[in-house]
């Protein structure tokens, strides 16, 4: 059995999304399709599942185990989908066991009509599938999807794929949005799927994952295949220029080290934040950062790192503890901070889009920083804003647009600019690279590297990706369950 | 399945040549995300809004009555305009039309010229011309006053950082909501002097809790969202933040709700008139006409049919109008 | 679940208490001398004195409040100013027809609207859907009293298929024909509203990723619609049922008036017009308690059906 794609072309409203893509994939092998967003890999994934978006016309042949998926009924498609957010394909109001039973019953029906001998009973098959993915406990069957963690949900989707005897698994960006420790687990799951006889198509921009699991690899640029071959070969000896650029984004020289002997800029002692009555989101955290230094605050999601960042910036009220800025106490209760204090400690939001007012232009918003926090008159403030925006790589034309007209990466830069326009002494960057694809992330990190140490600015970099910390940080503070664990 | 992020409809986004920065493509949009348009940077850890909760209290549509579901054709629009214009026109202009008062004759007089006479013998035509104004103006005035009071209350409750202010403002409303609106109206009418102003006040009071809650719910999301936090970080003044930003962002929701409230107020006033409650015994509007002329409906049907038809036309027209506006907003 | 139920029941109890206090407060809000205001058309001194005595208007407000609340707890709602009979007795006799109407409406409501909504959603865009949608919008807009009068005129008086009123009927259940038109009127608006919500919810569910997922896995369309899409579609509708109670109890008042059904609604309107405050107060508490109960039930059902909906506060 194999997957055969020939001459796949997809168009929407005159724009070509996928241009003459073809490949073959056998059962038990993993093909990685790599490319930036907008490269067409999403459309290819959809096509493999036999579901093309409304308004998109797809031509060509997409055959999975002999079934022409573009022209058959949905129930005949032998492919299964593992989405980036697994909760999307899990019915929120039905118990897990119930849905699994429905899926298992299907094969029983087909077996009956085809006069095959009935296989093991439904319950046994369900138990078997769950065991294979590591969700042995029968208690899971009575739970609802939202009671499972993200990783468990992913495994559940895999179990469903086994149960419906899918021949192809389309895995869409499985590592994006998950913590880094999970990458190994996800790789293991993909290998498990392949070992169970599925062909796996992995859509990803995470080259580390690709390196770990993929047998073959396709590189897409603007809908075209620019390179293909065994993954090992492509990753080490790329032939096409675009592939080289992608690979280059994975590595970069570390930024220049900063201020090992400089005076301490900002320090915190015993910071504690309670949520509700019992839960300690932060428990007695101490830290310090010098002038010109970059301190990375590293932790998994839910560890409390964002809370720490927000507390430092004054957006979150700490129940106990103190903050010192240049040796002077900094009000822990944000409401008490003067504008001057706010100007000195600035914060860059993770969700840059949501942090901008949709009704005003980017330039207007950044100008306000200069006006309110530095007391500049409007004309001068505007000029300042334009300067800072230019520095982060946004043209004047882009700056005059509103938030919904900009892409994610541009907005992240704009958020940086807004913070920089205040000329802060401490810049807190909260997960500003997560959700960005490799090339964009490189751009932002390059920018931060250039800013680091300039004028003695201290950067507090919150992230869950060790790679980012390695690139920029002088020291690393690890946060786990609200405790600061290690500093090196 | 979501389209590629750079489909023509989002082509307005400028792409820097070396900034291939759209977030990783996703095959899924619905389900876990509230995505009327794809949200780049989708991996924010914010609370996922459930798509199951109704969008706006009182709204009948979710985002699924897309414009593609209904033809917004010109004939339909003209029909709607006519449907609304007729009763509204009569209601607002009727009392001032120089139609002579006809003499009283006998009740349900078969010999009287169309549309005949009512249960007292007075002309139905005069009744119809004069009878719309009260209902329409009362409903409009009540809705306007309710918003005048409810909007600030909801905004303050949402924007404040002090929990107790929020509780103080909203708890009484939660309690008031235990009573159906018609019941509350009747209760208040039982002690109030039967003047038009009291009716306006009562209907406004009945609608106040709902309005405050809706404004608060709409403003809550914005008031504690990243944009407002960013404004604070910038040292932005309170005035600009709350009025400039929060109020502006809830405007579409409020406008949509205003329509729903207006229709509700209209029903309430009409029902109250029909039941003979609220305005004094001399009051005679369309709803009262429907009530009192019921007896002679087969002697002289127009006494009931005309005012009933006008009421229905106005109600249907208003509902259709606001439905369309809501659907358009939800699709936008 | 239990925690939520306890909290919700607590809120409900407070709401009933608030209704009782509000009902009590009506007397306090009367302008000037309460007894005079209540005497209304017959302001002779004897009458006023009788009223003052009956309602204990000489005692301080707080004491009266205490008496009032204690009275409710024991089932004593005072006596009517007009007839002198105990209000509680009035409530009990009037309660039966109202409960029958409201109960039957609620029972019929869900199956009918869900059926309609699912039918429209499955044939989305085609003529059955358009027909149902247009019809529901139109019907939803018609005020209850107008609809009632219209139906009576056409079906009862014109065609004489059904009795025009319930006059002379001992019990509503004994002559079901009397119930047809009132129920039609009461059901009209809620069915339209809920059917549209179900339709919208079904469309969204049928378009969703999780439904596409199980369709691909081969699950039959019938099973998909009934067991996978419908449970999701019904949830927003359940939240709407609580608001339906609001309409329902309002609609019952109008319907009882048009069809001359001697229920709580008629009693209330008569009492309001006669300024018979004790009766008004008693009915207010009865209605209020019923609304709170229905809202509570709807909230609990919604919570049970949708465990992942977060309580937003």
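Think of it as A, B and C in the order they're written, each chain with its own count starting at 1.
Simple rule for what comes next: contacts are C-beta pairs under 8 Å (C-beta built on N, C-alpha and C of every residue); 3 or more make two chains touch, one makes a residue touch a chain.
What you are looking at is a predicted structure, and each value in this text was computed from that prediction instead of being measured.
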Centroid check, CA-based, most central chain -> B
Greatest Cα-centre separation from chain B belongs to chain A
Here the gap between chain B and chain C, centre to centre from mean Cα coordinates and rounded to Å, is 21
Taking each chain's centre as the mean of its CA atoms, chain A sits from chain C at a distance in Å of 49
Between the Cα centroids of chain A and chain B the separation in whole angstrom comes to 41
By the touch definition above, chain B meets two or more other chains at residues 28, 30-31, 50, 52
Each of the following residues of chain C touches two or more other chains, namely 209-210, 232, 235, 306, 308
Going by residue number, chain A touches two or more other chains at 49, 51, 81, 83, 88-89, 92
Per the touch rule, the chain A residues reaching chain B in their complex are 12-15, 17, 36-43, 45-46, 49, 51-53, 55-56, 81, 83-85, 87-89, 92, 170, 172-173, 176-177, 203-205, 301, 306, 313-315, 334-335, 339, 342-343, 346-347, 349-359, 365, 368-369, 372-373, 393, 395, 397-398, 401, 405-412, 415, 418-419, 422, 434-437, 439-440, 443
Chain B contacts chain A in the complex at 1-9, 12-16, 18-28, 30-33, 39-46, 50, 52, 161, 225-227, 229-237, 245, 248-249
Per the touch rule above, chain B residues touching chain C in the complex are 28-31, 47, 50-54, 57, 60-65, 69-70, 174-176, 178-183, 186-187, 189-191, 193, 217, 263, 267, 270-271, 274-277, 287, 290-291, 294, 297-298, 301, 304, 308, 311-312, 315-316, 318-320, 323
Touching chain A in the complex, chain C uses residues 209-220, 223, 227-228, 231-232, 235, 305-308
Residue positions on chain A within touch of chain C in the complex are 49-51, 74-77, 79-81, 83, 88-94, 98-99, 102-103, 105-107, 110, 144, 146, 160, 163-164, 166
